[in-house]
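To start, the structure itself, in structure tokens.
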Amino acid sequence: MTREPPATNEGWYALHDFRTIDWDAWRDAPEREREAALDAGVSFLRDRVDVTDAEDGSSAVFSMLGHKADLLVIHFRPTMADLDTAERAFEETAFAEYTDQTNSYVSVTEVGGYTNEEMTKEPSEIEDTGLARYAESKLYPEIPDSEFVCFYPMDKRRAPGENWYDLPFDERADMMDTHGEIGKTYAGQVSQVITGSIGFDDYEWGVDLFSNDATNIKDLLYELRFDESSSKYAEFGPFYFGRQFPPEDLPAFMAG
Amino acid sequence: MTREPPATNEGWYALHDFRTIDWDAWRDAPEREREAALDAGVSFLRDRVDVTDAEDGSSAVFSMLGHKADLLVIHFRPTMADLDTAERAFEETAFAEYTDQTNSYVSVTEVGGYTNEEMTKEPSEIEDTGLARYAESKLYPEIPDSEFVCFYPMDKRRAPGENWYDLPFDERADMMDTHGEIGKTYAGQVSQVITGSIGFDDYEWGVDLFSNDATNIKDLLYELRFDESSSKYAEFGPFYFGRQFPPEDLPAFMAG
Amino acid sequence: MTREPPATNEGWYALHDFRTIDWDAWRDAPEREREAALDAGVSFLRDRVDVTDAEDGSSAVFSMLGHKADLLVIHFRPTMADLDTAERAFEETAFAEYTDQTNSYVSVTEVGGYTNEEMTKEPSEIEDTGLARYAESKLYPEIPDSEFVCFYPMDKRRAPGENWYDLPFDERADMMDTHGEIGKTYAGQVSQVITGSIGFDDYEWGVDLFSNDATNIKDLLYELRFDESSSKYAEFGPFYFGRQFPPEDLPAFMAG
Amino acid sequence: MTREPPATNEGWYALHDFRTIDWDAWRDAPEREREAALDAGVSFLRDRVDVTDAEDGSSAVFSMLGHKADLLVIHFRPTMADLDTAERAFEETAFAEYTDQTNSYVSVTEVGGYTNEEMTKEPSEIEDTGLARYAESKLYPEIPDSEFVCFYPMDKRRAPGENWYDLPFDERADMMDTHGEIGKTYAGQVSQVITGSIGFDDYEWGVDLFSNDATNIKDLLYELRFDESSSKYAEFGPFYFGRQFPPEDLPAFMAG
Amino acid sequence: MTREPPATNEGWYALHDFRTIDWDAWRDAPEREREAALDAGVSFLRDRVDVTDAEDGSSAVFSMLGHKADLLVIHFRPTMADLDTAERAFEETAFAEYTDQTNSYVSVTEVGGYTNEEMTKEPSEIEDTGLARYAESKLYPEIPDSEFVCFYPMDKRRAPGENWYDLPFDERADMMDTHGEIGKTYAGQVSQVITGSIGFDDYEWGVDLFSNDATNIKDLLYELRFDESSSKYAEFGPFYFGRQFPPEDLPAFMAG
């Protein structure tokens, strides 16, 4: 059956929560209200980064470049209910008054079996310990403390004549293999989390790239763009770029 | 006549009513107004779920993930007038003050006759009782109390060279058959309601998938994407994902 | 000259004026202001339906399903100046305070001569009295008091390889003929007004379908979608669906 | 060199300034403020129509049909600085408080040399006095006092297989010639101003059509749509349609 | 390896910060608040143009034509952190209260090695001093004090059959060479800064063109549009056009 889908395994659910700051309201707020808001904001973010709200997971906060968002909070959690709660709990804080949720992305970490079906077993059942550790890091990702994040959603193309979903499994597997090889040449420079979002959000996948060098992210993506799996078969959504900061630096972030 | 459309039968009309919460107004509202709003909201939702507003039908409430909506109320009702009333009645409640209707979908439950034209008779006139029960469940659907819902609208493609509406009936019927077979392998895990919306809304169909396991929904849709009726002929609109809750839990929902 | 355009004749100009209700403002308005607004609204709508504002024409009011609009007022009038006045006169009423004009469509009733060029003469100059009456009803349409309206704008496709405007006249005429035959099988169930909008609005035509049975509209449009003039050559804009009500029922409409 | 671009000559820069009226604010404004606003508005528009703000040019005011705009002010001026000033000077008037600038178009009058390169000389250097007068009227257009205006932006298509910019010069020139011939058959009924906007705005050209008969505009554009330069190679933006009025009629315009 | 990407070198990061003015708030502001806002605005802009906020870079301010933006501030800086700070520092000024950030573009200056790989070395390591100076001017650009700027983002096309990223390196290099030759014929009339934005923003590149003659920009872009690298392989985003002014002229700008 050449049309068969790849095996996949899923781990933590993911919410990318994009916020803009209402700078006019912030500028006009009395000092006391600002302080209360910052206390509430730091406390909310600290609790998520420390994962006090769920059994497991990881969260991080980013200052976003450009007008599309000012703030991004990424949550990885074991259940959709955890994400649903994290999203609404933010709105209950005094800090939320100075933010609008202008965008978001809902997905789940995904490991695909194109190049090695063994990888789609639960990590504890994978015999090769290196592979098990790798799968575990993709399904239950600790967000690295790199300075930069790049997030974008994407689809595989389904145009007449260039249709990923009409290709035989082996052809797709070959392309994913080559694609992965390019990624590996950036090991240690750019780390990546892939989440699947079919049924959860408007694109099929969401991609997070973390790095301490912004140009490394550009170089990797430019190189990939010439790879057939991207050049012929990728359709990209909007790109978001930000800089990580610890919850404690929220006051500095809001001070401009 | 190879171009002929399939026979269809229609049942209850459907309104998907998507709302965002005005969290700023909610945070600022005095406790007494909040309580009055919650009473009105619970009462409105309870009445719809209990279908006290019409001769028949079913309704359910969902907490939505992400920024596209916070709340989804699905109504199935015998007439368009019932839906029109339900939509406006919501606006008369004190709870509506804290919501904006940011999206919606208008459609009608539809059973198609590609694989079995018998199914497009009124259920009471279908001889095979199993088939009659099946048709009834599709035309007059009780919303299951599953935790999750996934809703998306879709079209069949009309691109030059890949045009669903230019295919012979038999070819379409074969594809719908294969498509249905994949769905059946998820029986008991994912249940589905199909509504038609040609003339009522911007896409041709709306699809609701209900399940207690979010990953089951993703698995089903990913598998279907490789099926020719989707890979070549489906154009998808936005995807919405939410968690069901009983009307009585509206206060907990609003508490974050 | 095979590329020649069809002859057309034009009648009344048409404005579809879509409004959303500002329910928050309405809920907060004092009873006296509500009453004054309703009086003004009923009076404005009544005058248009009675066509006291122009030499001739017809108008009707609809409660719209879904978030795209709450209210639709359709005006057919002899001149663009009449429409311009009707649109601005609405804004002068106390009722307008509770509405926003979120959409609109500007066009003119059009009779095309693909199948019978005689029809594009002024009705008074058409010898066949049946045909004259038919042309008159299309150019100077009385809006039927059917419960439902479906409105959508559309273009003819100009894609490479499927370009309506590059087809020989005869081929286009044949397709329009078949198209019309399908419409005729719904005579008495669905009535239709075609308006042209090249140069007036973003699509090339606007279509109104009136019926007392919502499913009839869906059935007709679904059947047409398999007809070559639609399957290969139609590009549809958004669809709007509503229920007609007499101006006097505006208070009931606003009461939810 | 078959790919060469046509010679062009440019004249006055053009700003199409589209405004919606904030009718709610207008209805609520005290009579005295309304009067002051109208005085300021009439005075601003009068000065532009009289071109007291620049060395040369022409301006006109239109009441727009539909929700996309209520008011359009067209300015033709010798420099971009003149347009920049006109746009900001409007905002300084008391009348601007009741308007929002919801759209605009920035371009420059353009004469192209596809059919006659002589025409792209400065009019004073064109020997044929008829041609000189024609070029002058296109580069430095007096806005006619016709009742109606139709404005739309457009691109030439660059799709695979139908790419205007890949055609040999002669083929493009032939098509532009035929295109122009159709326009000439409407001489005296519809007058036209072409502005180029590559580098200035999102489309490549802006087109203004002026006429005292709305149907003439529709007829011309419908006929052109069957011409190969449009049917295969034109991509149209949104269409705007309005009615001209003298600045002194602003109070009547605002009175509904 | 014919699919290989070109070598690139990157210099300063770039933020295009587009703002609209809230003219209603400005008109209503007391004189004292206006003055304080102008002082703060001039001071912020002056500091950026003088680059007192970072180790190196350049900034400039523009009055934008049309509704898409009123103000554009361009920043080139050594690090993404510098841009992040510049963007938020603006919001802390009293002037920001009268602006909204409606658009932006995040990118990095880029020199590509299609025609000469030597150019992608660090300028200090390029032996040819003319080439070194050229590369330096592209990577660390001083914004010229020309009157006009044109900014637009763009992609290279990846359509079936016309896919830039599937072309052999040599074919791409040839096209870029021809493309560059056209640009050179405008030397001294139009100067250009290219920034790459893969991973940083929604398009692949951002282009700034500076000139004292608006028509020169139009002529250059029109000529390029017939060049194969544009006609077949360029997809353009929105175009922005503005006039440079020194920070000290902000009060004149705000005075209309």
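Chains: A, B, C, D and E, in written order; residue numbering restarts at 1 for each.
The working rule: a contact is a pair of C-beta atoms (placed from the backbone, for glycine too) under 8 Å apart; a residue touches a chain by one contact, two chains touch by 3 or more.
This structure is a prediction, so every number in the text was calculated from the model and none was measured.
**Student:** Could you grab the centroid distance between subunit D and subunit E? Build each centroid from C-alpha atoms only and quote it in angstrom.
**Tutor:** Here the centre of subunit E sits 28 Å away from the centre of subunit D.
**Student:** Measure off the straight-line distance from the CA centroid of subunit A to the CA centroid of subunit C, and report it in whole Å.
**Tutor:** That pair's centroid distance is 46 Å.
**Student:** Please list all residues of subunit A that touch 2 or more other chains.
**Tutor:** 160-161
**Student:** Take each protein chain as a node, join two nodes whenever their chains touch, and name the resulting shape: line, ring, star, complete or other.
**Tutor:** Graph shape, chains as nodes and touching pairs as edges: a ring.
**Student:** By the touch definition, the chains form a closed loop. What is the full order round it when you set off from subunit A toward subunit E?
**Tutor:** A, E, D, C, B
**Student:** Would you pull the subunit B residues touching subunit A in the complex into a rising list?
**Tutor:** By the definition above, subunit B touches subunit A via 21, 23-24, 27, 63, 65-68, 70, 147-148, 150, 152, 159-162, 209, 214-215, 217-223, 225-228, 230-232, 238-239, 241, 243, 253, 255-256.
**Student:** Where on subunit B is subunit C touching in the complex?
**Tutor:** Listed in rising order, the residues are 3-5, 8, 10, 13, 15, 18, 80-81, 83-85, 87-92, 94, 96-97, 101-106, 108, 158, 160-161, 163, 165-166, 196-202, 204.
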